[in-house]
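You will see two complexes here that share chain A, one where it goes with chain B and one where it goes with chain C.
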Partner chain A sequence: MTSLRGIIPAATVVGFILAFWTLAVIPMNAHLAADMAARGDIVVTPVAPRDRQDLSGITLAAKNPAVIAMTYTLDRPRLPSPHQVAAEMYDTIFTKAPTSRRSLVYHAWVTLSATLLGFVIGTTLGVLLAVGIVYNRTMDKSVMPWAITSQTIPILALAPMIIVMLGSIGIQGLLPKSVISAYLSFFPVVVGMVKGLRSPDAMQLDLLRTYNANRPQGFWKLRLPASMPYLFASLKIGISAALVGAIVGELPTGARAGFGARMLVGDQYGQPMVTWAALFGAAITAALLVGILSMIERRALRRMGMGGAA
Partner chain B sequence: MTTDPVITARNLDLTFQTNDGPVHALKDVSLEINKGDFVSFIGPSGCGKTTFLRCIAGLETPTAGEITVNGMTPDEARRARAYGYVFQAAGLYPWRTIGGNIRLPLEIMGFSKAEQAQRVDRVLELVDLNGFERKFPWQLSGGMQQRASIARALAFDADILLMDEPFGALDEIVRDHLNEQLLKLWARTEKTIGFVTHSIPEAVYLSTKIVVMSPRPGRISDVIESPLTKDRPLDIRDSAEFIEIAHRVRDGLRAGHVDD
Partner chain C sequence: MAFVYAGLIWALGWFINARLANSPVSDTRLVSLLIPALFGVTIIAMWEVLVTMLGVSPIILPPPSMIAARFVTEIPILWADFEQTILKGAMTGYVVGMIAAFAIAILADRSPFLTKGILPVGAFMAALPIVGTAPIFVKWLGSDWQSKAAVVGVMVFFPILVNTVAGLKDTSAMQRDLMRTYGAGYWPTLFKLRLPAALPFIFNGLKIATTLALIGAIVAEFFGSPTVGMGFRISTSVGQLALDMVWAEIVVAALAGSAFYGAMAFLEKRVTFWHPSQR
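Let's turn to the complex of A and B:
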């Protein structure tokens, strides 16, 4: 089984990350834990809080082995431990109704809906632009440089402007976030589709000329099917970009729902577990989206007889 | 066999403008190809044999001279779908089955579904690929793929078949087999065939007329009417007659090389 063999290296990497993370919790939270222990009548060395500030987390933990266990159970740790994040995720995913504001599923759906709408808009726009670029010399010369320029503007600078401007003409909620998603996801689609639509070689084009095929026939029968492997590769990049776009769209406006909102809330109210759970939620969502697209890709290309080509 | 010329070229000249200056690809090429002829074009690379074939097909436009195909300009003939073209690579669409690939020209030319199915069956039988209609190209060997591409060129019943080194990328055993099949196919369909090749035995074995070309500028250095009969078993290649023609072709090729 190739899938099983693929799991072992991936699991090894995850294992190392988890181990590093678990170890990092001790020095990161040592000061907080020592302060708490001192308040709870446990003798901590050095006794004076000021003196403790001068020590590194590692030294402090080494001097006070009793504190080490406490670094994993703080309510408001600087770095939550993996099991705390896992507990928070379990709690907010499985024990809360998905319609509740306290459910991570609810917030995932808010972000996901904006992501998917933006992805559809961005993909459609990207494909249309690519067709224009391939078939029209003027568009080839004019659109591509602007498409590239558009991606050099930091989205963090642009997102608030888009939200505010759309808000001022009465567009709020899902659509402004989707616009940012679309803005990020159209670009890989344009680049991939232009390459894909141009992938047929001179011989293939000559062959169609000998049939006296017209332009639409050349598009539907040759260029479009030939571009499919390129399109799928672009879609996978595009959908993760769209998710990032939706989250970025939630950050600057104090959105009340979505992964972005959860990250802000966790940050502002000193609940790092909430922030981390939202982060992992977003990562899992992205992995699922890309995974679903990979599955569709495999099926579609296999049906097209190009199973091995991609 | 009738002898009306199907393809007539008179004083054909073609110069490509490239970044390294003009390249004289064809110079003063005149040739008549009669209906039912099997004409091979042989010569070293750069002798313009492929360019000449592309001129016949209307894929290149000569800078001077005159060329007619079925009494029309090549471009008109192209639009009238007067010929099928076979390239060096099979160039089958990987996303279409063998049947789907053969249907491609038929779809473009607007044949009915029933007609398409019937024609696909017929040409698959012609190239001996019955039963492979639903296979994808990657499931076929190189030789079978090239046969499928010949079937694709035959599907719409053009009278002329233009073949640009169709077997050039195949090994010799497969090539012999396909040559034999091609002769049978030519006998059955009575098409006029233009065939570009690098191989002297291939040219002599297949052709009724061998056009020897030489490079810089590309021109015709000899035209040999083959005295061999139309019925040619593979071992005809050991006959004295065959060897004599092969000699003449080789001499023509050598003469062309002395010039540069």
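Let's turn to the complex of A and C:
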């Protein structure tokens, strides 16, 4: 029951956002709808298209109540309504074969595979570097400040160059996007993991010393288990960063598949639904990835006796 | 031969750093800045040696000296791009997003029900790839800086909102009771107790948002921009294989990002001097 009580306020906020979105459709699309209506047989006030441009969307809709319904059914709206986006998503996810270029599942897989490959590479390297930093003072002093500084730098700006750089030495397709994803998930993991490996306090380290534990035992039995909550927190940041990296990696190169490519196609060919569906597809993918990680986190921490009530 | 030289540079840099890091003065402020600086210099020197001696084509990886030369000669263009992307796009969006987040946080603050709903939804939204809204905003607001500011505003909104809402909850019942015994109403309690107590959280959100603001402003330009701006310059220079220019822009982005973050961290230190983490 506790989880249900938590859902009601969140659902209210989501409902409020949806309602605001639905209402915003009217003024956003009023001009387009009025132009459409004027081309049909409906009389629109004011009659001259130029006069209509001077009015705000709200006034225009208020003067022409007949137009309001039309704002929700345009083929190429400025702002599609929630039900249009939902219909487009249903159409492209469930009614198209997953192997078809028109299926969102296909594009999701293209982006997801690059994201996951990059995430695995970035996380592995990040954990290794963190172990090095914790056990080697020179590494700690020289690399750690850079790892922290790198989080204040818009690394994503490197994306187009990495794609071209790797492309000119003959590496194309999945790998360049994964490199960007790996790069973006790398630094949060390093910083979080260093914090986690250092989280055992002096008392616990001393206890192990009284047991005559050697260094590897201290690592496997104390430091690594103690770092798990920190690792999972950074993994969740890392995976959403990796997804953003893969999407942005698809933008500058004219990639033909993936969420980034769909957003660009929708933008260039004036098909707003394609862009919106890709956007929501990416959002759902991000939510699923973070959700799966949270689930693993809960299970793992509970089995390790750190879960508590959470 | 090139690898031998690079190896020598690495060995020298590492040797000095190892001596410094394990010396008794390693925790002084000067040395703890010197070590990473030396590490950076070592990497750049190795990069220079490897790229020039192996004859790596500058359209794959230009040497640092070439990037530095380009940076110096192109300062007017770099400044114009900086002005367009950082000062107009990122800063405007940052300020608008911040004000909106504060406003919503304080509005929601009066209702515990809304607060409970905003926290999970906001945290969820903050994890989404909001950069993807860039093409939509470019379509709505045109290709100039206004659309970039809008993308930035939406991107920074959620982390700041979540942190502010969480921060406003961070007072104990005892502290609030004390305010009540002073006869303080909602607003005096907000301004004298709860907002100051929330500041460490708020600054945490503001610091996260600095990087997001730059990313949003730069990436949104990949979707359409006037012929000025850092994202525009990066994407066109990549097209012309002028990678030294791309690197010069990245240097600007890195400097701007660090400076922006540093400014927020400095402000935080001045404003939350009383907090345990700052003492």
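Here, the second predicted complex is superposed on the first by the 301 of 310 C-alpha atoms of A that agree within 3 Å, B and C clash if a C-alpha of one lies under 4 Å from a C-alpha of the other, contacts with A are read in each partner's own complex, and residues count from 1 in each chain.
Note that a contact is a pair of C-beta atoms (placed from the backbone, for glycine too) under 8 Å apart; a residue touches a chain by one contact, two chains touch by 3 or more.
The model shown is predicted, which means the values in this text are computed figures rather than measured ones.
Visitor: Touch check for A:D75: first (chain B), second (chain C), both, or neither?
Guide: The answer is neither, since A:D75 touches no partner chain.
Visitor: Have a look at where A:L207 lands relative to chain B and chain C in the superposition and call it first, second, both or neither.
Guide: The first partner, chain B, only.
Visitor: Looking at A:A283, would you say it contacts chain B, chain C, both, or neither? Reply first, second, both or neither.
Guide: The second partner, chain C, only.
Visitor: Looking at A:D51 after the superposition, I want to know if it touches chain B, chain C, both of them or none. Which is it: first, second, both, neither?
Guide: neither
Visitor: When the two structures are overlaid on chain A, which partner does A:I153 contact: first (chain B), second (chain C), both, or neither?
Guide: So A:I153 only meets chain C here.
Visitor: When both complexes are superposed, which of chain B and chain C contacts more residues belonging to chain A?
Guide: Counting contacted residues of chain A, the larger count belongs to C.
Visitor: Have a look at where A:D267 lands relative to chain B and chain C in the superposition and call it first, second, both or neither.
Guide: second
Visitor: Residues on chain A in contact with chain B in one complex and with chain C in the other?
Guide: none
Visitor: Under the definition above, what is the set of chain B residues touching chain A in their complex?
Guide: For this pair, the touching residues of chain B are 57-59, 78-79, 81, 83-85, 87, 89, 91, 93-97, 104-105, 107-109, 136-138, 156.
Visitor: Considering the complex alone, what residue numbers of chain A touch chain C?
Guide: So the residues of chain A touching chain C come out as 6, 8-14, 17, 78, 137-138, 140-146, 149, 151-154, 156-158, 160-161, 164-165, 168-169, 236, 240, 243-244, 247-248, 251-252, 259-260, 263-264, 266-267, 272, 275-276, 278-279, 282-283, 286-287, 290.
Visitor: Given the complex with chain B, which residues does chain A contribute to the contact?
Guide: 203-204, 206-213, 217, 221-222, 225-226, 228, 304-306, 308-309
Visitor: Give every residue of chain C touching chain A within the complex, in rising order.
Guide: Touch residues, chain C against chain A: 14, 17-18, 20-22, 26, 32, 35-36, 38-40, 57, 59-61, 113-118, 120-121, 124, 127-129, 131-133, 135-136, 138-140, 210-211, 214-215, 218-219, 222-224, 230-231, 234-235, 238, 241, 243, 246-247, 249-250, 253-254, 257-258, 260-262.
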